[in-house]
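Look for chain A in each of the two complexes below; its partner is chain B in the first and chain C in the second.
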Partner chain A sequence: MIVKSAVFGISLARRSTRRLLLACFWTTITAFAGLMALRAADLLPRLHKTDPMPVGATDGVTAALIFYLLSRAALGNVVDFEGSEFKASSPIPFLNGFIDGFRSAGINNTHFAKIDERTVSIRNLVHFDAYRKLRSVVLWTALLLIFLSSTLEQHKWLAAPLCFIFFLGLMFLPQTLVLWTEPDMEAPE
Partner chain B sequence: MNTTSEKGPGESGLYNRIAVLRAERGISRQHLADAMDVNYQTIGFLERGDYSPSLKLALSLGEYFGLPVEAIFSKQPLEPLSLQVYRVRPEQTIPEIKR
Partner chain C sequence: MKTEFDFFGKRINIASRTRRRWLLVLIYAQFIGLVIAWFSVYGRSSESFLIILAFLVLANILGGRSYKRGVVPPFAGGDERERCRRYYAHYVAYKYWDLTLIPALIAVGVRSLPFNPAWHPALQVFLNRLPYGLLVASAIVYFTLPQAVLFWTEGDLEHE
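And now, the complex of A and B:
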């Protein structure tokens, strides 16, 4: 569900604005995955002849940074909840308090944040929809890998960007669907 | 309001009188939402017929307005209250209304 009415001063009440933010988010993610692929295929000029960090570590750190900033900016407005309580979804227990505190700053000052039967049904529906879509993606990727198996060594540059996109899809596709499909929000009378 | 066949029942396939009942009592959406313990957006969805409420919510609305559920929700277009109570059609009193 959408719990913030604005992000960086941009109102999220209108669906068109939310769709624009989502387009920016996924375009940036796709562009980054493309750069990862080009770099892995050695098609980009290297800034340093030797990477001081282990292979993939710089990509990992950059990806994590992009993931964090963009998810906070555009998609952190859709949060998990359980029953009628917002849920800290971190698998690491000691982080839950931190995450809850982080979220409550955005949640407490909004009139969007009221969990009820409709929001629960939307959450369940978008998760079902998102994972059904991802299931198809996984299936087609597996078929593609089988098809390319004889030349897999030549296509290993695809692995990192595919994993990156898949991971983000797993994390953010349900939220994207909520932000994309929910109609314009009405102001309370 | 979602009472006539011309407007259609919305995504839920249900017609309802929530907006009329709310206006009669001078209650805001937020007030009704608080009373029903739901998000005020949900009241908007209900009024437009875009959301089909759970049995619990429908019964709570009936209880709140002091009416049976079938007086609030219907699968068939609901008659305007003026017609139902006084047998007066809206177009008989305000000629410019095209129905």
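And now, the complex of A and C:
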């Protein structure tokens, strides 16, 4: 399932290293969501006095950039879930990597052969697991939104980090589960 | 997968895929209705509670998860083929569930722009509520999509 053995010179062979990398990744995502909430609640100074948007284009572009860089650095190590080969033939490599992230696929510049049966079965299983792990999070968030709806219009700060965490964060959950659970790799002979 | 659907004591044959798909379309039409209802009762907890109740009834009809009486069998147990199909359905559902959050993200962006005072007040209220409405819709999709994928893709069954 893991197609790269190193990222930025850090070996991914050991599970503990991968887990550390994942912890950094999720901390960054959470911290950015927190900053988004603080900015939207006007608790942080605005970048410019005339900046009319508490959360909007600026955060959107920053989020997209963070998402792109992190997906390449931390989570581009899992095999492409679709077994697709479209990246090799695309004329725009940068855009390719970006689209990969949106497809929840791994990013690898080498080649994408068709995925084997074991990979398909692990891929489906991790998605089932990811879905189950989210159950209580989604349930409590939905209940919170429904029961607090009378005051939500005064709390504009809540929507942006919620969308950010759910969309960008959870897009990486299956890949996270793969990187987290795959055992230590054997050293090359 | 059940081949009959019990509708207030009346047994409806859903062995054919076409019939199942019609039933699924009807169930999702109800879900859309619930989201619209939530939009209109926004902020009133008693009505919100009724909406949740209606959602639970519909989810119970659809089945899956831990619902034992739904048209889709519960997710625990089953033979090898059922487990493989279930895992695959979750893979497909997860992939598309991500995408349901894009409209919510866009709605957040639109709402954060300063509204033109000339806009109709109803439009301003609508834009204010839209992100949360879309998040609730996305939660409904999360809870029902794997069952829907299973229900939609299963071939014709023999009626018992």
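We adopt the following convention: the second predicted complex is superposed on the first by the 142 of 189 C-alpha atoms of A that agree within 3 Å, B and C clash if a C-alpha of one lies under 4 Å from a C-alpha of the other, contacts with A are read in each partner's own complex, and residues count from 1 in each chain.
The rule is short, and it goes like this: contacts are C-beta pairs under 8 Å (C-beta built on N, C-alpha and C of every residue); 3 or more make two chains touch, one makes a residue touch a chain.
Model, not experiment: these values are computed from the prediction.
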item	value
Touched partner set for A:Ala130, first chain B, second chain C, both or neither	second
Partner chain(s) touched by A:Trp157 [first = chain B, second = chain C, both, neither]	neither
Winner by number of chain A residues touched, once chain B and chain C are compared	C
Touching partner for A:Thr119 - first (chain B), second (chain C), both, neither	first
Residues of chain A touching chain C in the complex	40, 52-57, 60, 81, 104, 121, 123-125, 127-128, 130-131, 134, 138-139, 141-143, 145-147, 149-153, 156, 159-160, 162-164, 166-167, 170-171, 174
Residue ranges of chain A in contact with chain B within the complex	111-112, 114-119, 185-186, 188-189
Of chain B, residues touching chain A in the complex	28-30, 33, 37-42, 44-45, 51, 53-54, 56-57
Chain A-facing residues of chain C, complex	38, 42-45, 48, 51-52, 84, 86-88, 90-91, 93-95, 98, 101-102, 104-105, 107-109, 111-114, 128-129, 131-132, 135-136, 138-139, 142-143, 146
